[in-house]
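Note sheet for the following structure.
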Amino acid sequence: MDVQAGKGDIHHRVFINKSVNLGNIKCYGFDMDYTLAIYKSPEYESLGFEMLRDRLVSIGYPHELLRYTYDSTFPTRGLVYDTAYGNLLKVDSHGNVLVCTHGFTYLRGEEVHQYYPNQFIQRDDTERFYILNTLFNLSETYLYACLVDFFTDCSRYQNYQLGFKHGDLFMSFKSMFQDVRDAMNFLHDTGSLKERTLKNLDKYVIRDPRIPLFLERIKEVAKVFLATNSNYNYTEAILKYLLDAPPDSKSPRKSWRSFFDLVVVDTQKPLFFGEGTVLRQVDMDTGKLRIGTYTGHLHHGTVYSGGSSDIICDLLDVKGKEILYVGDHIFGDILKSKKRQGWKTFLVVPELANELRVWTDNSSKQTDSGCSDHSDIGFIKSKIKKITYTMELGYGKMGSLLRYGSIKTLFASQLLRYADLYAVSCLSLLQYPSTHLFRAPNVLMPHESAVTSLTKDLPLPDLSANHIIRSTTIKPVTVGHVQCSLAQH
Amino acid sequence: MDVQAGKGDIHHRVFINKSVNLGNIKCYGFDMDYTLAIYKSPEYESLGFEMLRDRLVSIGYPHELLRYTYDSTFPTRGLVYDTAYGNLLKVDSHGNVLVCTHGFTYLRGEEVHQYYPNQFIQRDDTERFYILNTLFNLSETYLYACLVDFFTDCSRYQNYQLGFKHGDLFMSFKSMFQDVRDAMNFLHDTGSLKERTLKNLDKYVIRDPRIPLFLERIKEVAKVFLATNSNYNYTEAILKYLLDAPPDSKSPRKSWRSFFDLVVVDTQKPLFFGEGTVLRQVDMDTGKLRIGTYTGHLHHGTVYSGGSSDIICDLLDVKGKEILYVGDHIFGDILKSKKRQGWKTFLVVPELANELRVWTDNSSKQTDSGCSDHSDIGFIKSKIKKITYTMELGYGKMGSLLRYGSIKTLFASQLLRYADLYAVSCLSLLQYPSTHLFRAPNVLMPHESAVTSLTKDLPLPDLSANHIIRSTTIKPVTVGHVQCSLAQH
Amino acid sequence: MDVQAGKGDIHHRVFINKSVNLGNIKCYGFDMDYTLAIYKSPEYESLGFEMLRDRLVSIGYPHELLRYTYDSTFPTRGLVYDTAYGNLLKVDSHGNVLVCTHGFTYLRGEEVHQYYPNQFIQRDDTERFYILNTLFNLSETYLYACLVDFFTDCSRYQNYQLGFKHGDLFMSFKSMFQDVRDAMNFLHDTGSLKERTLKNLDKYVIRDPRIPLFLERIKEVAKVFLATNSNYNYTEAILKYLLDAPPDSKSPRKSWRSFFDLVVVDTQKPLFFGEGTVLRQVDMDTGKLRIGTYTGHLHHGTVYSGGSSDIICDLLDVKGKEILYVGDHIFGDILKSKKRQGWKTFLVVPELANELRVWTDNSSKQTDSGCSDHSDIGFIKSKIKKITYTMELGYGKMGSLLRYGSIKTLFASQLLRYADLYAVSCLSLLQYPSTHLFRAPNVLMPHESAVTSLTKDLPLPDLSANHIIRSTTIKPVTVGHVQCSLAQH
Amino acid sequence: MDVQAGKGDIHHRVFINKSVNLGNIKCYGFDMDYTLAIYKSPEYESLGFEMLRDRLVSIGYPHELLRYTYDSTFPTRGLVYDTAYGNLLKVDSHGNVLVCTHGFTYLRGEEVHQYYPNQFIQRDDTERFYILNTLFNLSETYLYACLVDFFTDCSRYQNYQLGFKHGDLFMSFKSMFQDVRDAMNFLHDTGSLKERTLKNLDKYVIRDPRIPLFLERIKEVAKVFLATNSNYNYTEAILKYLLDAPPDSKSPRKSWRSFFDLVVVDTQKPLFFGEGTVLRQVDMDTGKLRIGTYTGHLHHGTVYSGGSSDIICDLLDVKGKEILYVGDHIFGDILKSKKRQGWKTFLVVPELANELRVWTDNSSKQTDSGCSDHSDIGFIKSKIKKITYTMELGYGKMGSLLRYGSIKTLFASQLLRYADLYAVSCLSLLQYPSTHLFRAPNVLMPHESAVTSLTKDLPLPDLSANHIIRSTTIKPVTVGHVQCSLAQH
């Protein structure tokens, strides 16, 4: 297949931050949720939102909240919730505030300054600022906006800086946050969201026939493992749905487990990439864990629970740099596997389909209008603002996942630093031969560009394979002869 | 002056990572050491090396060490010392090992793998890995190499993985590290290095007549402060030397203090950018601190000790985004002021002069030779290795501060993330008008480049001034009318 | 009633570590479980044991475990489980090992030394040593012994120092510990133990008609609050059972809530005595929490959830020293309320009934036999060992809660330090007038005793009410006159 | 010598908290300062006070402070300095405030309540409360009082709750505390206090001829080591002075080192009792450390630096329970060696001489006056207050080290918990044979006393040697036969 494919194929391309040579990859690892198992949007987020919302009402929140329904055009992944003031923030990698909403109201510059002097947050203050990093957080993100919207407008409640008051009850943004998080944990611990999903798999999960094909193709050339934080029963149900041949299929029935050399559930990422937990075997008849710790060799078709990335490397006999790990969680999957273990990483970014669509549209528009040489800087600034605003709305009400005008979001900067490769879907890998060399362009530093502007396209040596080649010893010049004598000292 | 100057001026240019509009800067802050006060190289590093070395001998290290002298071609800033194995490592931002030396011996790929499986270190393990981040660390870096070199070859000592043995004394790399650090602290606490420097200022510090000129020019348009970790006496001596008019000068004598709106010594950066310490006044007659905490308004010509960046902003009545802070310490000056306070940052990188020289030389060479279309990939790889190696040696024995071939060093990646601007010297700012807009090129993300390759030079709106412009509220669609009633709940 | 009562009343006495003047107590606080609600022993512990055991079997532990039933003569409260080696330890306050069992086998001195060199544990190592502090832990304590007993003898498993091996599964003592703890949390989180208890209250909870009487009497003279970690529904069910007049009673129905000025559930002690959690109101119709934080004044008959001891003091308008807090948990109730808040404390120790019985029996025996003046020290030592052993067995298989021979246990030393008063039951307070002064005997220090042996019963001034009486200033002698002058400095 | 000696010998007695059998002690360890080397009081404290005071003046404190001289009747060891409010507090083990002074003014009950609601401090808040635990702290304690006294009365300064104001300088109690601590560290780091001491040993250190005698006697029956935080040069000078035979002595010159099996300097207690530091040899010709870590066997007459208590046990081949460690620091010496290592401990309490004297005086007075049976409780209370006050003043202006009336101080309670033995001087051990059994009286718990009041002097078995004697296994009753079968599971 032609990798130099035209614009039409851009949605199936793999994008490159750092060079990866597939020829050196001996092992592929996959997360399950939102990586192999793509949830249908907005159906799945709507389900999550409604269950969260209903849970809040069931613990005492006003029943008027039931009138809110999920609006997929509002939330963007990667927003930050300020638990002190109830605002949703879009920030860059340093913590500069790019967009700020309170409920569904966009705050203007002066208002933002009142909340955040210097228009800046210390995002290391994780006690206060909660990063809504994952696709699972989208419904929660929208719910924060709904809650603030409702209580702000509701005449029963008085507005205060830190929350709302009704009689002798004070509803702080902080306690609302805690309630939503508790509701989230409730859904998770009781398994009720998973139960609802499994009852209607066709409604919530995309069954892409290319997935078994894709995994089979990879397994021919490398080892394959799955590492998911989900439990065994859910994992089995989802992967059966995705991988088992349909009843009417002519192909012989093949177990979902046969697609993997190793299946690990309950991984507790990001803990999995550090100290990890006890590795246990799953009894596949009962779905329960075997007691005790597994200490033997790898058994094919066995499912394990817990463990750590170090144990996985041992069991599969591979080194970190030989693994390409494919996941959707920028922190739990990608940052951690890269930073703690030096794995090669592939980030799945479903939103990229939309990002590419808007960008393409705008690119052509820009080319049409161009930027004529107005000398009036005020005119230009105002035009830039207008363009940015329009572009942002093209992505959704909170704008792009990756940018605000020329400024990249926190999410984008983490993607650039930690994901070697990224794409709309892991299936994009199907477009490339199994020995493909993904070659990142050499990004020059500003002072290098300044020099090289004369001598374009300098072929910088590519050392992505990290061959360390120095071999000679260069002794320094010494005064006299530095020699140690046995007698001395 | 013409900013679009040709190649000849490249050593005086300011390079741009993020846009900074000088017109918005209301305050300039300066570190002193290696920022305003540039130490002469290698004289100053030699002095430091010799004092360290002599200290070690005086506490019992073999006197043969005295034969080592400083070799400025060996160390590169930003190396990592592995206190477990005594190796010096050049690493990238993720902890991948690029170059590894043991003493003066470069280790080959297999050797590196034995020390570092996966050729990777967890650089967050600061107990074990010590980053030699500053120009002050250069002499120390070289000393580690000397020590390992000496003991490895000395027949009195047996070599072990974790150190050397002689009789019933075991000299671990860890304890050698501790001894060097203690020696460093000894030089610092006793002030002996500073004393030697002050005795021979002409030998160790560059007196650039443009510095007073530069500071005067800035003070006309903005507030100026100095924030140094040095103590008052040293600060006064150095700045008198740099700023006071020479005795034969015709210009009236002007105090060094008059160049600043605020002078703060003993700042304890990086602590200064967080909680800080107690702010005290310096009694300029005695050089001693006034007892108690200073609580009043800013007095011109007064020198303070301690405090924090927050206090500085209050005293000078400026916000973080209005400050351009100029320093040489990538962590203590630049990363911290950016990350904790959102200041604009300017990194002084003296090595950049050399980096630019080598890069320019190589660029022209590359253009000469080109890269002919050999189809033999083995030939290309081997050629790349050779080129990388040659280029590295062009910089020094440990290679470039910023790169190993196509891979950027940890130092380079921090420079790119945290320094808005950088240059060989802070005096480079003299080349630009006081309202200059340093405009960073828009760096596209890989998927954006893929789209935009058709439509070059898209004028992305520049929002570096962070004007948040949204103003309208977009209410989401709700089922029915979400309205709260007074009666309910 | 005569407090100077004879031996017959000893089981109803309150014992005194530090003087407490009931006349100064303005507020009584009560824990619920094992304080007001006394569970029937061994029925309740048996229930807990069986549910834990069954849970383990249901997650894969061998079904042979089902043959074990609870033996109340084995466990003693306050033992320490060594998660590394699976031993149960009885220790003193410094961590000296007094008794050590592995399963049901008592280890001899040499064996103990092999496990614990110096016969000593660092009990601050809470990662490794788990203190089984509460009456709820008794069933768990027994289960650890059962598990070790079973696997040690089972021929399917090989014995290792850190656990047992069967095929490629390794069952470490650590993982067994984790499984039991998880089972404990499962019982708690699902509420299944509480459910079983509520279904058969007469079987598991002692309904003592003196409790409503006791609370009524106290409420006449002081404020009364309840602070329990249990949730609202369980608390309501238990207290209805204990306090509501029985259906056939002639007295008018009175709500359990009317016995308290303040009822707080979900207290999360010991967190409650420190930072605490959000205070919410309980909606008594639904048993659910009101959303938001309660900020108003105290409403009688209202039930709250969460909060902290500071909030309780505010709501009730009392100071820490005016509160007598009655609980059964040496750490969560007594140590924490004393150490963090300076409350007066009353520890309920149900085992004290048995301890008093055995002690009384032995005292009389001792008096019978006496200790004749054998000069053979070997004979005496051996006799002492025999006596200790016999006495220990009088208490149960792990001996007394409070002693091993002359040595006090960790539990006893905490009781002595943190509990001002202690008794078999909180109802013992009924024996004393509401203004009674519990006066602790003055315990002399060894050097004081040595002096005072001549002058018995020195009436040391009792300062339990902490009147600080000094009022005069005693200026030190100074050289000349220390005076500060306005002009100086 | 007759241990059952009368009252006359009480100052030479060893007092017993827990039984110690000298016959089982194989090793004696000694701290140096205030243990073997007793500083002359108040000469030494005066010296310390003056050097501290002068240092403060030299860094800018008002020279009027020079008029203060040390008053040994004011400070008591073990006071707590409240860095927030500048008060000195005498507290009990729970943090109840017993005495409170501000400068030299005693605060009355109401004043104390304003500072400390509930008359209680959370003494775990070590950020705020600084415990003046050691004899070295006495001069510092007095200095805090002087500083508060001076600034309070000085008309140049205004009084605020958190400190004093003069012009735009605010002198907080916190910063005064920091200045004093810094001055303390300055004296220590520069060695100036030690220098002054060594210049006039006869003035500052008691040369007791029994010390060499005592050490010799011990060395005949056990191993002896010294573990001091002082450095080698100071240690050598002090021990030479104490142990070397005087020039005119007839006995042959014997090195101070020969009195010990092991000498360790720079121990960094309390760190020494935990992880410790690197063990190095001291080069006794130069007093400098050998480089590298010592790894060999014990060499007699060698001096070591650093290390840890574990290393000491290895080198001397003894177990923790076989060591009797003699020191003066309740925390660094006694609590830590007991809690972390299970050593036997002997606390030297020089103040005990005075405590015994006052106690003896008062005992006889009490016996004279008695406590007649006045029924007027007001009269009794007032009398008790008066007695307490008088007794306190008998000890000094801050009263007894150990008591405030019937309440024991924090120091006393730590002494009772962690010191097995205590005495005025370590030389008190000379009064006892080397196999003496120090037998602690059995202290009964309150409920035991209540029972035993009938049957006095029950000979509780003494298990201080910790023989664990149980040997039989007692299998629990099981339902059926708990047996595991090979086939199952």
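Think of it as A, B, C and D in the order they're written, each chain with its own count starting at 1.
Note that a contact is a pair of C-beta atoms (placed from the backbone, for glycine too) under 8 Å apart; a residue touches a chain by one contact, two chains touch by 3 or more.
In UniProt terms, the chains line up like this: A, B, C, D = 5'-nucleotidase, cytosolic II, like 1.
This one's a predicted model, so the numbers in the text were calculated from it and none came from an experiment.
Give me the chains shared as neighbours by chain A and chain C.
none
Give the label of the chain whose average Cα location is farthest from that of chain C.
Centre of mass proxy via C-alpha means gives B as farthest from chain C.
What is the distance in Å between the mean C-alpha positions of chain B and chain D?
48
With centres defined as the mean C-alpha position, give me the chain B-chain C separation in Å.
About 57 Å, centre to centre.
Taking each chain's centre as the mean position of its Cα atoms, how many Å separate chain C from chain D?
32
Which chain C residues touch at least two other chains?
none
Going by the touch rule stated at the top, which chains touch which?
The complete list of chain pairs in contact reads A-B, A-C, B-D, C-D.
Which bits of chain B are touching chain D when the two form their complex?
Residue positions touching the partner: 58-61, 163-172, 175, 178-179, 189, 278, 281, 283, 286, 288-297.
Can you tell me which positions in chain A touch chain B when the two form their complex?
Touching chain B from chain A are residues 7, 10, 13, 15-17, 19, 62-64, 67-69, 71, 74, 93-100, 104-109, 112, 117-120, 122, 124, 145-146, 149-150, 153-157, 166, 319-321, 338-342, 352, 355-356, 359-360, 363-364, 366-367, 371, 384-385, 387-389, 391, 397, 402, 404-408, 412, 415-417, 422, 440-443, 445-452, 454-455, 458-464, 466-486, 488-489.
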